[in-house]
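Look for chain A in each of the two complexes below; its partner is chain B in the first and chain C in the second.
Entry: the complex of A and B
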């Protein structure tokens, strides 16, 4: 049967093999992505589209746009996450490459960690590209609060990647994959979304990091809880 | 006092349901409790002074909410047990509880607005508990959809994982929506605690009503599990017949 504790022990003792496997898997994913730029391009273009469409939906009221900007940015990121995970899942299920990878792994949660980090890298790239656009279109000075925003975005994309990767692995084995992924992913990530949106909004409104400490705590706890939980149950997902 | 009453009720309801295997006995008890509950709600319990007759929906609304929470808790426990023991029975428990939980969650989401319209002056407000119920409804509907959609070999395991993840998410959702609401001033129409300060007659009515709902939950759960088990047995039989015919 499954060895629940193995993934934990492996991670906690900083097992060298585990780390090597994570790095190898990550390098494989990023190298493929670097050659095709498939996932990033679709995520980025889609995020830009969301921003533009929301801009039309909200209208020309500058003050209103400034107020809802953080929500729009996070909605764009949520949708981009779903899209990126679907694309990555498609690539993975072509020619059963996932099975091959799983056979080669001693500790299967290495796969989860690698996929999660890859997703974070894509999201980070998307954020770096859309923030200047948001700054220009929504007339928001992001530079003034870039330090705080960095922390909020880091915690946010970590959480989105953790939960997203879990559900992406699950929906690999469903028929209506495109429908199931957002159906599972969006409701479960509600706490993270709320915290991220309001933390970002407060930073944009000129508040300091101390004012959003509650939201940051919420995001940290969300990330820790789900990361630990998924490491425990991950074997059950990939096991045949 | 109220907590004590609820605990007493649980201690009465549990033995009633689990000690007796006879289903007719259960049905009788459930039927009587339901009739008594309806009598208490509509005839015995005093009409609330401020809210009037609308307040009576409280007995059904809160009972549904408690039953719903209990059902999702059962899903959580059964999911853990399934992953641990890998037995079909626990999977059947989880599925049955999730289905019944979604039904009661829907009842909560329907009765809530019916009460809110005359009292708050609006059908819906993004009040923390309301928002939590809605998000829970979304999660557990997704749970049922995943059960339909996942490949056969993985279905039960995926559902168990979602059953655990969904329940672990509950305190986080509640925390986040509570923080989120405090940012906005509450609309003037909404008055918190419109249903607090129950008289003892109301409390008794509520307890009996809650008992009726929980009995109904256990009854439905048992029936649903036995249907699932029969279906499973049927599949096994069919498989055996196929083998005999083929061999």
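Entry: the complex of A and C
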């Protein structure tokens, strides 16, 4: 009984420390980004450029635009994620700060969770900024399906952030980092991206959440599997 | 025993960086590890800092296995590496607050003021670190390393970028930390600076500790002869 209560206290105390460390890491990342705006700016500008290029490439065919719009949005988000992760990694490796952080963490997965949440915040900001532009350029009324889209985008950016953060950490000390990150990240995120593209397309076409339940299930499973897997192996990943 | 290494080997692919390191260090001792570039000093300190695992052998710090119980070892360590581990877009105060929060340091605000005073940076506490000179960054890195009252301080080439005044401040700091029973391991290839700070010295060459023994005090010439005899 006493041993059980001691274990429980240790667990709760460990969770509190873990949460404090996640919050400290997240606050540091967001404060740095607020000052520099380097990550958001590069992600946003790149996403807008992708939209502009596709807009010109597709032309004025309204029906075609409606069909491919969801794909274009997710491609823009996918590449913006790569760009954001690369910039975030550069900031961590400038003075080897990541090593200092690793020395201070009892449970190193706190670093993963904080980086993942920070990436989600950047992606969310990009989505909020590009959706109105997409609505104007692609002549799509996103307001009509905003509830369903919110769920799809939430699951999508969660998955992209989980997988992206993992590969950003793996490639942080590799020589050809700029090449390795997209080469590892893009193929692994294909199942999630396909599900997100189809779910978004169906919602734009006026379908309900019930109609895209299979895609949502796939995205939830993808996120749970990768999140659990990464928490288990993260300690080995960040080690030199 | 604060530090106890037995048969530590570290391989990077086909290259062997450490070839069987045995080391014992009592609590409160100051050990200087000397050796030429490529001797494996930094690799040894990284293993002690739990930043990398040994390929073979055992590492115990304060009675904990540094590989299996790394999470218990890390709060005991203060590490000053080749790089400062600081964030250029944060101020000195913000950097220290960040690390203090990660370590869960009690009465953090007072402690930050205290360590900034120790490294003479109080006047620059609210200045962005990227505007600091190299020497100031190194001093702030020292403050970061001692912020959470470590019991084992690992200093890898700590004199890098420091001017004469800052070197003597660092040496004063080492003496102060020794007086409060902090164990210190300092690696350097500088044979002339602060020899009298050490209780013990070790010479490392090609991944092995080729000499270890008590400090020769401030006998620089005697130590140079000893070093030449082992390193060449």
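In the analysis below, the second predicted complex is superposed on the first by the 225 of 240 C-alpha atoms of A that agree within 3 Å, B and C clash if a C-alpha of one lies under 4 Å from a C-alpha of the other, contacts with A are read in each partner's own complex, and residues count from 1 in each chain.
The working rule: a residue touches a chain if its C-beta (ideal position, glycine included) is under 8 Å from a C-beta of that chain, and two chains touch if they have at least 3 such contacts.
Predicted, not measured: the structure shown is a model, and the values here were computed from it.
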- Tell me which partner A:100 touches in the superposition: chain B (first), chain C (second), both or neither. second
- When the two structures are overlaid on chain A, which partner does A:237 contact: first (chain B), second (chain C), both, or neither? first
- Query: Is A:214 in contact with chain B, with chain C, with both, or with neither (first, second, both, neither)?
  - Reply: first
- Message: Let me test your reading of the model: by the given contact rule, A:25 touches which partner, first (chain B), second (chain C), both or neither?
- Response: second
- Message: Per the contact definition in the header, classify A:36: touching chain B only (first), chain C only (second), both, or neither.
- Response: second
- Where on chain A do chain B and chain C both make contact? 239-240
- Mind pulling up the chain B residues that touch chain A in the complex? 83, 86, 135, 138-139, 142, 145-146, 149-151, 153-154, 157-158, 160-162, 164-166, 168-169, 172-173, 175-177, 179-180, 183
- Using the touch definition up top, name the residues of chain A that touch chain B in the complex. 1, 166, 170, 173-176, 179-180, 183-184, 186-188, 190-192, 194-195, 198, 214-215, 218, 221-222, 225-226, 229, 233, 236-237, 239-240
- Residue numbers on chain C that touch chain A, as the complex places them: 46, 49-53, 71, 74-75, 77, 79, 81-90, 94, 98-99, 101-104, 137, 144, 148
- Provide the residue numbers of chain A that touch chain C in the complex, in ascending order. 17, 20-21, 23-25, 27-28, 31-32, 35-36, 91, 94-97, 99-107, 239-240
